[in-house]
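A, B, C, D, E and F label the chains in the order they appear, each numbered from 1.
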Amino acid sequence: MNFQLIIENLLSPPILFFLGGLLAVAVRSDLEIPRDVAKFLSLFLLFSIGLKGGVELSHGDDLAEMIVPLGLAVAFAVVVPFYTFYILKRKTDVYNAGAIAATYGSVSAVTFVTAVSFLQEAGIDFGGHMIAALAIMESPAIIVGVILTGHAQEKGKGKKNLKSVLHEAFTNGSVFVILLSLIIGLVISDKQYAGVAPFSENLFKGILSLFMLDMGLLAGKRISGLKSHGLFFTLFGIGVPLLNAGVCMLICAWAGVSFGNAFLLTILAASASYIAVPAAMRIAVPQANPGIYVPMSLGITFPLNIIIGIPMYYSILQQLY
Amino acid sequence: MNFQLIIENLLSPPILFFLGGLLAVAVRSDLEIPRDVAKFLSLFLLFSIGLKGGVELSHGDDLAEMIVPLGLAVAFAVVVPFYTFYILKRKTDVYNAGAIAATYGSVSAVTFVTAVSFLQEAGIDFGGHMIAALAIMESPAIIVGVILTGHAQEKGKGKKNLKSVLHEAFTNGSVFVILLSLIIGLVISDKQYAGVAPFSENLFKGILSLFMLDMGLLAGKRISGLKSHGLFFTLFGIGVPLLNAGVCMLICAWAGVSFGNAFLLTILAASASYIAVPAAMRIAVPQANPGIYVPMSLGITFPLNIIIGIPMYYSILQQLY
Amino acid sequence: MNFQLIIENLLSPPILFFLGGLLAVAVRSDLEIPRDVAKFLSLFLLFSIGLKGGVELSHGDDLAEMIVPLGLAVAFAVVVPFYTFYILKRKTDVYNAGAIAATYGSVSAVTFVTAVSFLQEAGIDFGGHMIAALAIMESPAIIVGVILTGHAQEKGKGKKNLKSVLHEAFTNGSVFVILLSLIIGLVISDKQYAGVAPFSENLFKGILSLFMLDMGLLAGKRISGLKSHGLFFTLFGIGVPLLNAGVCMLICAWAGVSFGNAFLLTILAASASYIAVPAAMRIAVPQANPGIYVPMSLGITFPLNIIIGIPMYYSILQQLY
Amino acid sequence: MDFLKRVEIVVPHPKTEKMIALLEKAKVEGYTVIEKVRGKGNRGTQDGLGLTDAFTNSLIIWYGSASEFDQLQESIRQMVLESGGICAVSDAAWVKK
Amino acid sequence: MDFLKRVEIVVPHPKTEKMIALLEKAKVEGYTVIEKVRGKGNRGTQDGLGLTDAFTNSLIIWYGSASEFDQLQESIRQMVLESGGICAVSDAAWVKK
Amino acid sequence: MDFLKRVEIVVPHPKTEKMIALLEKAKVEGYTVIEKVRGKGNRGTQDGLGLTDAFTNSLIIWYGSASEFDQLQESIRQMVLESGGICAVSDAAWVKK
């Protein structure tokens, strides 16, 4: 493994602020970032990455080049919740299995933007359609997860439930903002993008750093919640992302996806949702325990991916390409 | 009409994000921008436009040149609520008539900054005193509106009520911030303005875009509230702004107001308040129905002005000048 | 005294916005900045000043040069609460004496950043370790203050109380953020700092200005609370900062502390806490009256320092150096 | 005589509009909603952390007459049963409606 | 014996300070205020949308003795009548004042 | 029969977690917390101004059976005594627990 790269990644402000947030929880500091501020920072990141992606797209990603990565994105979003569900069902009830499967089938936008930031640092290009991949991968797993648990639910209500989940899945706020910004980035002129870029582009790293401080605070508070639920979930939260990443890298290399795109697809495959899916699951599958699926994605998988995963996947891909 | 210009305006990020907000409501997305964040974005816009206006003023608007536009501003702020009140009284009670009259006599700062952004894009100058016009036009209509309804109110309390309305009208937060920033922009040195400009000026378009997303969400939620109140109010919300704009353009052309200033005065005359006036009316004229005057200004007149009005007034003025 | 300098300082945007906030309260404007937004602005300032300080430190402050200023910082933080406590005890009870002593032994980060902004305007260098001094001086006075009042408290609980105060003192959010940012600034590369600087550095003056508007609102609301508590506290709030500043300047000149560092140390010695200490005192010494110690620091000492103190200490130091 | 009842309902935040719709359909004269409250119940802790409001609750206060309450009681019960949360009632009196 | 009354007042947000001033003038021992609550009543829906707090309410809770309440009842009624909102009272008991 | 009690507690914001811990230790079935409320009491005005939450209160609502309440009453009293704030109780009935 490329330790040099891990160290360099560790020394980037976003990661350091994330670790700082973990530390704040560890020393029981009363540091707190108001929820509405965190929502604003997160909105900014989606807005910024969406616009940027749209502009890249408008500068001409090759349509042919887009098909494989987007196809892979859909495939991962659908297949991951299925296979994980059957693993999970051996160790926990159908509700928790469905909720966790959905969590890991979906993606984490913050993990993605951290990876984008890493790529830019390394000076490597990627396609604007990867932002579409991010948006595409957010929701399907929610539907698969609910369907999988749905078999165990009462007849009459199952359908109504599924309909409202479908609606929620395709209209949830973060997917909406990222797709909207992507499309707007696509249609506006370069001159007009230049008008918003001092906000959306220049502030990106700084706001990401501040946001990661909040992520550290959250992850730190969540991680302790997992202790009481046994080793299995922790191992799942480490093993499944690595497995998904591995499979994704092999397929990408084999299918000739470009290096930058392969890297971002890998991080998407490896990441787990901690906003959209938990929110949907609380309502659609209230029998599942958020005290399990939230800490798994936020306390285990998120730090794993941004601290070790990003440089590791990068150096593995370097071997493969 | 200049469709080219309408299309170009439609393709600017602020307008596109506004439409995106409308769309979010239409598809019942759960997208929401926290109120405190929206207040911050709005505070930023007032701060930014005020400072900028002050700096422009300090670079020497001709005093003589300022008199006509500012006089017109006062005239519109006072005359519009009067004439609209008498139109409105035929169709609704005195309370609603007064509240709606006040709403249309006052102005919308966001419509104004959108127009400023449009002007800058077109590379056309305007005087810093137009920001003063914005501030000046915000409050008089509140007082006129309350006086007009006041005839129908109890003797004793009318006076107390008027006094508190007068106070509110001249000290309300948004007028205060814009005037304060204007004065500060006027007195600081260019070097000091250069210190704050990377915040107040460079981020303007980006923050306006994000804020317009919120405006779209709001307008979308409001517009449906109007359905139950009949066609008259909808027609009023379209016709009165166009009438005010038309009259304003003719007077400006006749009085020799410069193109840029005429354009901004027109947008002020055409715009209706959706913050200060509704807030004042809820307290001063609680008998009026906010379910009518808020959707009219926010759901009808605001979109009309920023989507169609801005390019239309611009091309009409081009004919006149 | 150098009136020129006072005028120049008065004409800087942050000070003007502070005065604007005072004015808003005086005219009873309903202007309000949401608490969560103010917290965000304050977080930004700590983040920004911390990072910058860390980067400066990494560019090599001489270790030998750091010892005297940091030693002085600790000395002031410990000595000030002691001597003020004995003055205060003559005029008020032990609880209020302890709380006020702690308030004046600690520091105000916003006063500090205003001074930094003033120094940068003047083009004068200072050491990154001054940001460490700021962090170091925040907490010791809390502990001293509680110990001093502690003699009068019940045996059993005193210890428990002290322990929790100690913990709070060293983990309180603002100290944590500033130290974290300082360390991160120290370890990241210049290239990585360049990534966050468009956020943390370029927006500094603008955000400080907006934040000062809020400080003006707060100070304005607080100052009136002091009236009922007599002249002594007002005089204390003026006299003690000036005394601390005077002593600090003399020691610095004598000990050969550099001009920039001496200026910042002076402002730290002169400033009083209005966030961390009041928060700690409300819980640790609930018998003390926040209606006294908060208005003293926020309504008297804070404006004194930023309006008159900063240019005055600066010109006095110019005489001494 | 018709006594006044103070009905207090706590539901998950995403169910707020549904519960309000129930009250509106019954044409109650008014209600008050406190959003984003925290809490703990059978379905775990709602601590309000994270970037979503899904893990917060809404507290709804409805003052209604005993007879109105009798009519609505069962449908409120049903909805709370479905959505999670609690509902409790106590006696009160109008000072000013 | 003097029983404890729990008085709950809802007024438009811009009238909060006025209502508090009324309580303070009467020298009540304490009160609690929850700001920016939503609601619906005779004067329409206060949904908290927009950029102003004018369309939100404040909920004020005041625990006072029955005799204090008797004295204040009428002036609270009057103020709620003027400013809009509601006021209701219920019986309670101190656990710790 | 075991009646339902509605217990309402107001404590300084920094003491919220402590009070909740007390309830959790007693294994109550649930509680609801409204944070950052303003108020006035013997220890002065908590106006929520400033950059810290120290000058705000938390309002905690706990519905428990009369017997649970009897058991907890004294420790709540003690904690409110220490931390400041108030606690009052009133009678209620479940519509849906």
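Note that a contact is a pair of C-beta atoms (placed from the backbone, for glycine too) under 8 Å apart; a residue touches a chain by one contact, two chains touch by 3 or more.
All figures in this text were calculated on a predicted structure; none of them were measured in a lab.
Listed by label, the chains touching chain A and chain E alike are B, D. Note on connectivity: the fewest steps through touching chains from chain A to chain D is 1. Farthest from chain E, judged by the mean position of CA atoms in each chain, is A. Of the two chain pairs examined here, B-E and A-B, the one linked by more C-beta pairs in contact is A-B. Chain centres were defined as the mean of their Cα atoms; on that basis the chain farthest from chain C turns out to be D. The mean-CA centres of chain B and chain D are about 39 angstrom from one another, to the nearest whole unit.
In this assembly, the C-alpha centroid of chain C lies 35 Å from the C-alpha centroid of chain F.
Between the CA-based centres of chain E and chain F the separation comes to 19 Å, rounded to the whole angstrom.
Chain D has residues 14, 34, 90-91 in contact with two or more other chains. Among the residues of chain B, those touching two or more other chains are numbered 30, 34-37, 39-40, 198, 202-203. Remark: the chains found to touch one another pair up as A-B, A-C, A-D, B-C, B-E, C-F, D-E, D-F, E-F. Interface residues of chain D facing chain A in the complex, by the touch rule stated above, are 12, 14-15, 43-45, 48-55, 84.
Within the complex formed with chain C, the residues of chain B that make contact are 34-37, 39-40, 43-44, 47, 51, 167-168, 171-173, 176-177, 180, 184, 187-189, 192-193, 195-200, 202-203.
For chain C in complex with chain B, the residues that touch the partner chain are 11-13, 16-17, 20, 23-24, 27-37, 40, 121, 198, 202-203, 205-207, 209-210, 213.
Those residues of chain A lying in contact with chain D across their complex are 35, 38-39, 42, 218, 221-222, 274-276, 278-280, 282-283, 286, 289-291, 294, 298.
For chain E in complex with chain F, the residues that touch the partner chain are 4, 6, 24, 29-35, 61, 63, 90-97.
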